[in-house]
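Chains here go by letter, A, B, C and D, matching the order in which they are written, and residues are numbered from 1 within each.
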Amino acid sequence: MKIAVIVFPGSNCDFDVYYALKEIAGIPSELVWHKEKTLKNFSGVVLPGGFSYGDYLRAGAIAKFSPIMEEVKRFAEEGKPVLGICNGFQILTEAGLLEGALLRNRSLKFLCQDVFLKVENKNPIFLKELKKGQIIKLPIAHMDGNYFCDDKTLKELIKNKQIAFRYCLHNGKIEEENIKANPNGSLYSIAGIFNKKGNVLGMMPHPERYVEKILGSRDGIYIFRSLKNFLMG
Amino acid sequence: MKAKLEVYLKETVLDPQGKTIKNALKNLGFDEIEDLRVGKIFYIDLNIEEEGEARRIVEEAAEKLLCNKIIESYKVYL
Amino acid sequence: MKYNEIVSLKDALALGLSKAEWKKILKFLKRIPNYTELGIFSALWSEHCSYKSSKIYLKKFPTKGKRVLQGPGENAGIIKLDDELCVVFKMESHNHPSYIEPFQGAATGVGGILRDIFTMGARPICLMDSLFFGSLKDQNMVYLLNGVVEGIAFYGNCIGVPTVGGQTSFYDAFKDNILVNVFCLGIAKKDEIFYGKAKGKGNAVFYVGSKTGRDGIHGATMASESFEDDLKEKKPNVQIGDPFTEKLLLEALLEIMKGDSIEGIQDMGAAGLTSSSFEMAERGKSGLVLYLDKIPLREKDMDPYEIMLSESQERMLMVVKKGKEEEVLKVFKKWDLDAVEIGYVTDTKKVEGYFKGEKVIDLEIEPLVSKAPKYKRPYKKPSYIDELNKEEDIKIEIKNFEKEIIEFLQNPNISSKKPIYRQYDHQVQTNTVLKPSFDSALLRIKGKDYGIALTSDVNPLWCYLNPREGSAYAVAEAVRNLSCVGAKAIGVTDCLNFGNPENPEVMWQFKESIEGISEALKFFNIPVVSGNVSFYNETSKKSIWPTPTIGMVGFIKNIKKVLNYERGKKSSIYLAGEGELRLSSSLFSFHKGILIGRIPKLNLKNEKKLCKFLLNGFKSKAIFGAHDLSEGGLLVSLVELSLLLNSGVDIKFSKENEILFLLGEGGSKALVFGEDNKIESLSKILEVPLIKLGNFNENLFSIKTNNFKFEIPFDDLKDLIEKGLEKFME
Amino acid sequence: MKAKLEVYLKETVLDPQGKTIKNALKNLGFDEIEDLRVGKIFYIDLNIEEEGEARRIVEEAAEKLLCNKIIESYKVYL
């Protein structure tokens, strides 16, 4: 069992994710260059945050053509775990593996701050260690995290239980129009979504940044531990 | 030949940048400006001269990369 | 003028050289230079590259110490952490470019300092930014502030180096010359450092990174001139930052540096190819032959003059060991970067440049670098010093205390800088233990028990009123800020921002300031390992206030054990330390429009005592957390402490002069909290005066004295303190 | 009436975005694309109908706010 952390040109959370997986969560992991063509020896893949290709054009738009993405697509189809964090989420939407798009933050500014997230649905791969309705604290750091999709897609996401996290206040209240409760202005306060099968998760907040007490919170570890338990069976 | 590709947000997608700029202009006294939306424009130099072919190539580049059709539309000008 | 045309005095003057310097050139060369060569002289002899006005003073800095592996003179300074690792750091200004184009100016400032660090083989792990603007009442200042902050965010966030701290001030002395100082620190293995030396006759010289365009031609000369009305003419020089390319360059270089193929390497910063080639050859005691037609160009028809002086960003000059060329090229190819062999190392102590078969540069290195002019410029004490330095303190009447305080807390100088640092990724690389808002940023080093702390300090108002003591205070404040998170100072970098050195009054400020810094650093035994001087921050004969920014790095032995903020809320709040308090020269009096009176006396012994108390307190777990007193005095410090702990406070005291006690500034003081009895006994042992002020208090921020009362719900205080700056940054 | 304002980097100014996008297109096999530069386009609705006046207003908005003349130039289309 081993997880691949993809390194795109301009990725900058690649090592952070690798460190969190390997050193903290104890999951065998490896950094994999985006020009590789196979993920044969891996059982899961993470697309980390950063600015692939400088986020020039649109965040994630150019990275979707990297050779490794064919394998990521195969993983998605075969039901293997695929996790996209921040820029990774943006790449997954650009590649069509997740619905919707991530627009510029409503404030038009980069935002680096803690957010509270409400766990919206259950998921056997990524959220096993979290309860539905649970509130966790994770940091965001992005310019384009304002989730958008059309009405029909939103209804589907809700119906299919594809919403993973929603931004909320510390007490769990969701207020879509309140900048404190939904800092980037995401539609329906969406912070992370699954694909229909539930094996692809894209999320704007950075779980890898909060896996150690010394850095202020350990709420991110739940996601990696869930993944570990799933892969170890 | 030279081509221009305009890529802009669909009507149904909120354009906070456009809104902010519009407000800024209103504050500067530009009362004549009713609405403003922001798009991207690509100035493309092609090493071919045939119009139909040029248009086809730019459209393909838009479909593949330059325009995200979930949120954007585009127009080609030659 | 054509690049190979022979020049005259008139051309030299036009390029900013003096008549005496022109004569000196002729004497060195024993012939008349061509235009390209003259351009090289003008760049390398510019203030920015040659430090001609400052060199004799910079010698006064203490630069030695047990931990010092590299002092001033290289791309950056190096301090040892343990037997394996070291930190590499430096601070630089990008003042002029940021005024002309704030976004790109600040962004390329970040790009430049990052390159200084990673050329040495260190991975940059953090940035800090020190910013000085005019009052935000001016719409242009609001534009500049937002542009600068967004530019720093754009570059730092994209390349993935966290901006973990900084400082931001607003004084009208900076309205025509804003200051943008950026600090970067990297980490490297002690014996895997790379230097900017061209060595080994016959070794190939490589150009790597972005292509060369006409951007920034003569930036170094521009940074060595005052702003006048010809500002517009200078505008076409704007450089554009490309953080994505720099990220590739960073990764490619660090990958190559793991092998054994690089002999020496240097960033093409100010004066681009000119300074990198001459300086590398100088340090390597060698020479270089360069083929200028081989330089990758972005624009058509660039001539040698332009090529040598372009300041296009994201470029490096590299000397590769024989036989390793292919290895190097392979890595650059992997990262999709240009790398081109453009020449070789010689032993001629000359830089020779060829263009289309013609030798267009034939210059000995010594006259341009080590024998560049040095000036002992005349200095004179400015008349304002005695006028303003009144002994008697001012008195301030306050009628409606609550109203005035609410107003004061919204002064952008006091107000929370969160609207700024929220735009900076301050957590990427997952080392940030204390984020911006604390006295110092604190980073852990993965795999080690220890950590490092960083702070950047200077109070320009005080440096204006008293350049010597004000500058010494900057050092003292930095040491104190490090102590407040339990860290001991190990090294300093500086960025000395001053006006026109040809003005004797500015020169006096400079000399005084350097002496003040040196004295304080010697007292604390902290070495300077790198730095930067930025003169000519002057517009229409008006110079900025002297602003020697001090960037200080601290060491903390056991990072896990030290900090205990969470447990703090149950303890009492104490004021520790001593020293003269004054209202004159305080931010409150400045806020009220009063600028007269000397600054409070600095007593370095008191400072040392307080810092010892703090460090011992942390170590023995008597102290859980601390926050020093600086701009805004006790009152502002209490507000900030309250925000740090996310809790109100309940403070009661009575004093003879309560306004002075609450809002006066000066001395060496900090708020501390922890185990009450341990704190009290430690203060007795170390003879540090201590006053118990009150407690933490969940929802209410409350200060009550005999004559004054300030009460506000904690949540309102939080909004209030952010609003002051926020309203300019929405 | 409607107006379009194109704002683009001056010729001599580096366009890192355009460069990166061009390389991406080349990698996708768009060999016909020689060069690509990126600009902004503003779609502006004005509550006036007189052409000269409209042009004047958009130009003023460009000069005052929408175009950073240190590095950019602009063109108005009505």
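Everything below uses one rule, namely that a residue touches a chain if its C-beta (ideal position, glycine included) is under 8 Å from a C-beta of that chain, and two chains touch if they have at least 3 such contacts.
It should be emphasised that the depicted structure is a prediction, and the values quoted were computed from it without experimental measurement.
Trainee: If you tally the C-beta contacts, which comes out ahead, A-C or C-D?
Mentor: Higher contact count goes to A-C.
Trainee: In whole angstrom, what separates the CA-based centres of chain A and chain D?
Mentor: Chain centres of chain A and chain D, defined by C-alpha means, are spaced 34 Å apart.
Trainee: So what's the Cα centroid distance for chain B and chain C, whole Å?
Mentor: Taking the average C-alpha coordinate of chain B and of chain C, the gap between them is 41 Å.
Trainee: Could you tell me which residues belong to chain B and also touch two or more other chains?
Mentor: 65-66
Trainee: Where in chain C do residues touch at least two different other chains?
Mentor: 242, 244-245, 336
Trainee: On chain A, where are the residues touching two or more other chains?
Mentor: Answer for chain A, listing residues that touch two or more other chains: 53-54, 56-57, 62, 65, 107.
Trainee: Given which chains touch which, is the overall layout a line, a ring, a star, complete, or other?
Mentor: other
Trainee: What does chain A use to touch chain C in their complex?
Mentor: 9-10, 12-13, 15-16, 19-20, 49-51, 53-56, 107, 109-113, 139, 141, 143, 206, 208-209, 212, 214-216
Trainee: Please output the residues of chain D touching chain A within their complex, sorted ascending.
Mentor: Counting only chain D, the residues touching chain A are 16-17, 20-21, 24, 27-28, 38.
Trainee: Hey, which residues of chain A end up touching chain D in the complex?
Mentor: Going through chain A, the ones touching chain D are 53-54, 56-57, 62, 65.
Trainee: Where on chain B does chain A make contact in their complex?
Mentor: Listed in rising order, the residues of chain B that touch chain A are 12-14, 16-17, 20, 65-66, 68, 70-71.
Trainee: Touching chain D in the complex: which residues of chain C?
Mentor: Residues 100-101, 104, 210, 213-215, 235-236, 238-242, 244-245, 298-299, 312-313, 336 of chain C touch chain D in their complex.
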